[in-house]
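Below you'll find the structures, each written out as structure tokens.
One chain, subunit A, links the two complexes that follow: it is found with subunit B in the first and with subunit C in the second.
This part shows the complex of A and B:
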């Protein structure tokens, strides 16, 4: 892998993409087997992996929108990376097809007979029904596609045409305003539909923000790891400095606290109110061995990253940042697992089949999503070469 | 005010832009002077490094302040709700950490904020009522359009003639002695 110093395009970098495709195909093969043999179990594992990668994609969209909205300087060198993640997001619509196929197993409200015996579901059926569910999902993806597509296209145009009068930059900024609003609404409703409705009696209005917090944490960790990987290959070592790591570290720290604030707010109100129809959700996550996972998340998603990333030193240490980024991605996956799986596996026992299915679905969705991202990424300059603020971004220092 | 009998408190030099200020600060740092300060109408990036200042210790004080706040809040609520005045509230245990989190959070922030403000004053040796630089007429421009470096007499290497020459060699203009009040 080599960087062309003129165009800032990666040469001979397709290997990683093919490797990801290879991993994806192996995953898909195991998935097909798992789908036939362990129907319900497969769909739960699939949904976990699917949401994990979708939240990374959504994080990319959010980061790009935010970058343009606040006219950020420091993150210009990272912009093309988040843009490429965002541009790969529409492919996740294809991967949603298995979720639709598994609707019967995953979503209790999709059974006509269950609805017939459940008054609450009858009242909710105007919103929670298979047809409208699919249409809404399509709408979310159309929103994400439109904003991702235009922002990416204009950004590429800026590379080839230059932007001396900052018109393209201004245009991206204007798109990002409504983009941010629709992003907030779409991720909230997507979280309600895909995850919260797994337990159709339960509701929490903050749930979408909770998923968003995890989403942003995972894209920040993903970008950190990507930069570490590029640096290992002596790419962009001068353009992306320790100062950028420091800022990524600050954001990971900040959103660890944000996640905790949201997670606790959700828990706290339900704990205080003590209404059975609300508390049952937490009860399911305390039953059997699930309490161990719950405690693991409290420590792994808050206490450990909070204490580790509090000081300035680890944020400016690439090894520490690498470890913490991997850790945040792992814990984000555990968090999603903890949201999804108690609906299926009520006591949380370790099972080999489940682990294999988790890995297989993770590779299937992740491998192909990553390959799509990677080929998008290497098809263009890996930093926005004509961004008016590029030089300032490279020189940027934390003071 | 008669100058001749007064003890010299330090030397002041003027610089016309932030770049000159930075370069001069680096030279003074490299010459080994410790008791000097840069004065500017606005924050200058990179000045900390140019002056050879270490990162502030304030962060560690704030961490301790925050931890104290959290401990005080938890102890206070434990004593109030579980020891001194026990009342069953909506069937919850007397010591319910969940209910105590908001107060703990707020007191952590409050104590941290207090430590930031008072720790900053302490580390800057403030409040202080006067400083020899205020006796300089030209120093008034520091809030408008000029940059200054003051090198104080309590520096172990201080020698007023040498320092004056040295500041001029770093590009300083209008070098003057600073005198104490009568």
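This part shows the complex of A and C:
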């Protein structure tokens, strides 16, 4: 893998993409087997992997929108990466098909006979029914596609045509305004639909913000790892400096606290209110061995990253940042697993099949999503070479 | 750097930044311009100041008289009745605490986010924080009924072994607000030290020299002092940042931990924080527009500063709108009939006028800030900032009163009406707030002199080198 210093495009970098496709295909093969043999188990594993990758994609969209809205300087060198993640989002619509196929297994409210015996589900059926569920998902993806597509297209245009009068930059800012509004609504309702409705009786107004917080943390970690990988190959070593790692570290730290704040707000108010219809959700996550996972999340998603990333040194240490980014991605997955699986595996017993399915679905969705992202990424300059603030971004120093 | 060698395609294209402070100031002109407001002779104080001070101090005195009557007669003089045991006093408490949040956000969070434009407004926004918290703290104090034993709110060891309820969010409020007040005062004071030393050094009479000298803590502006100062400032910013979130989170707990419909919902903490910042910025805007006009500070608080503040109002206002929408949706989705009836009642019931005032002022009005034209229109932003504060006051009114006045037992429902004492004490609290603010404008530098100097181009150590480069 080599960087063309003229165009800032990656040469001979397709290998990673093909490797990801290969991993994806192996995953798909195991998935097909799992789908036939362990129907329900497969779908729960699949949903977890799917949400994991889609939240990374959404994080990419959010980061790009935010970058334009606040007219950030430091993150210009990272912009093309988040843009490429965002541009890979539409493929997740294809991967949503298995979720639709598994609706029967995943979503209790999709059973007509269940609804017939449950007054609450009858009340909710105006919202929670398979048809509207699919239409809404389609709408979410249309929103993400439109904004992702236009932002990416203009950004590429800026590369080829230059942007001396900053018209393209201004245009991206203008798109980002309504983009942010619709992003907030769509990720909220996607979280309600895809995850909260797994337990159709339960509700929490903050749930969308909770998923958003995890999504943002995962993209920050993903980008950090991507930069580490590029640096290992001697790419962009001068353009992306330790200062950028420092800022990424600060954001990961800040949003670890934000995630905790949101998670705590939800937990605490439900615990204190002590209304059975709300507490039942946490009760399920304390049943059997689930309490171990719950405690693991408290420590893994807050205590450890908080203590590790608090001081300046680890944020300016590539090894520490690598370890913490991997850790944050792992814990993000555990967090989603903890949201999704208690609806199926009620007491959290270890099962080999489930673990294999988790890995297989992770590879299937992740491998193909990553490959799509990677080929998008290497098809263009890997930094926005004509961004008016590029030079400032490269030179930027934390005071 | 690879980008600097000739064969790289990246070319220098640094954006022509508009200066934060206009009017091409020098270090000494900044010092002079801001200090002279404080150093004016009594006779030369602007007439408008005296008129304003006369009005606000009268309001404060009137409020004091009403509070005196309240203490004598009891909280029965307020419009509180069953089932609405919380009325304007709590609404005003939440309102004033919220106002304070902008100051802390500007001084702490914007500092951590490297937003240099904050230097022009942080001083008086922080001052506003402190005064707003004073007003806020007053209301629970007088609401307890027997204000002379208000200190029982603190967990003080006593011979009766009587303790406040540690499981009550009202006690957490005592801790949260007093911590907030302490840290805000410290932060504000640490920021003031170099400026107080400037005023001391410029003082032409003895009293001024002594008074400012005492408060300047022997500041000499040496290199070591500046290093310590910057470190202390950063640490205080770090400590104040979680406070921006925690104080209003605890305030939201006052409502949300209860199982009262309309109060018990998990989005309350971040929703309250966003609302607090929203209303705080509106208040900063109202005062900034007036102060910059009267003291001709247009070069320091430029249109760009005001535009940035309008953007923050747009963001936080939209967040508040998002929370309203989420609450409404989940009230329906959750399927709880009590929750549903409260929300329908808010929109259609006896308080619908208050509800729609709130929605209009908080959600619709700030949306106009999407347009640059409105963001840079001073009369409009002034009006909008006042509307937003009206809306934010009504938000707290809607939350408190609608949920209480129609409780689980329809036979006890009643329509809450404030008395003249509710209204009078609230208006009086504005008097107190503005009196303190006017005193601040008169006796302390309303703009952080040392910090503003740091953001002008000359402050860049390489400024003169570049200047030379261009000449060659």
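Basically, the second predicted complex is superposed on the first by the 399 of 399 C-alpha atoms of A that agree within 3 Å, B and C clash if a C-alpha of one lies under 4 Å from a C-alpha of the other, contacts with A are read in each partner's own complex, and residues count from 1 in each chain.
To be clear about the criterion, contacts are C-beta pairs under 8 Å (C-beta built on N, C-alpha and C of every residue); 3 or more make two chains touch, one makes a residue touch a chain.
Keep in mind the model is a prediction, meaning the values are calculated, not measured.
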item: Room on subunit A for both subunit B and subunit C (clash or fit); value: clash
item: First, second, both or neither for A:312, with subunit B first and subunit C second; value: first
item: First (subunit B), second (subunit C), both or neither touched by A:272; value: both
item: Touched subunit A residues, subunit B compared with subunit C; value: C
item: First (subunit B), second (subunit C), both or neither touched by A:181; value: second
item: Contacts of A:204 with subunit B and subunit C, given as first, second, both or neither; value: second
item: Set intersection of subunit A contacts, subunit C complex versus subunit B complex; value: 268, 272, 274, 399
item: Subunit C to subunit A touching residues, read off their complex; value: 1-3, 7-15, 114, 242, 245, 249, 253, 256-259, 264-270, 318, 322-323, 325-327, 330, 333-336, 370
item: For the subunit B and subunit A complex, residues of the former touching the latter; value: 43, 45-46, 48, 55, 59, 63, 90-91, 98-99, 101-102
item: Of all residues in subunit A, those that touch subunit C in their complex; value: 5-8, 120, 123-124, 127, 164, 166, 177, 181, 184-185, 188, 192, 203-209, 238-239, 257, 261-262, 265-266, 268-270, 272-275, 277, 385-386, 388-392, 394, 399
item: For the subunit A and subunit B complex, residues of the former touching the latter; value: 264, 267-268, 271-272, 274, 310-312, 397, 399
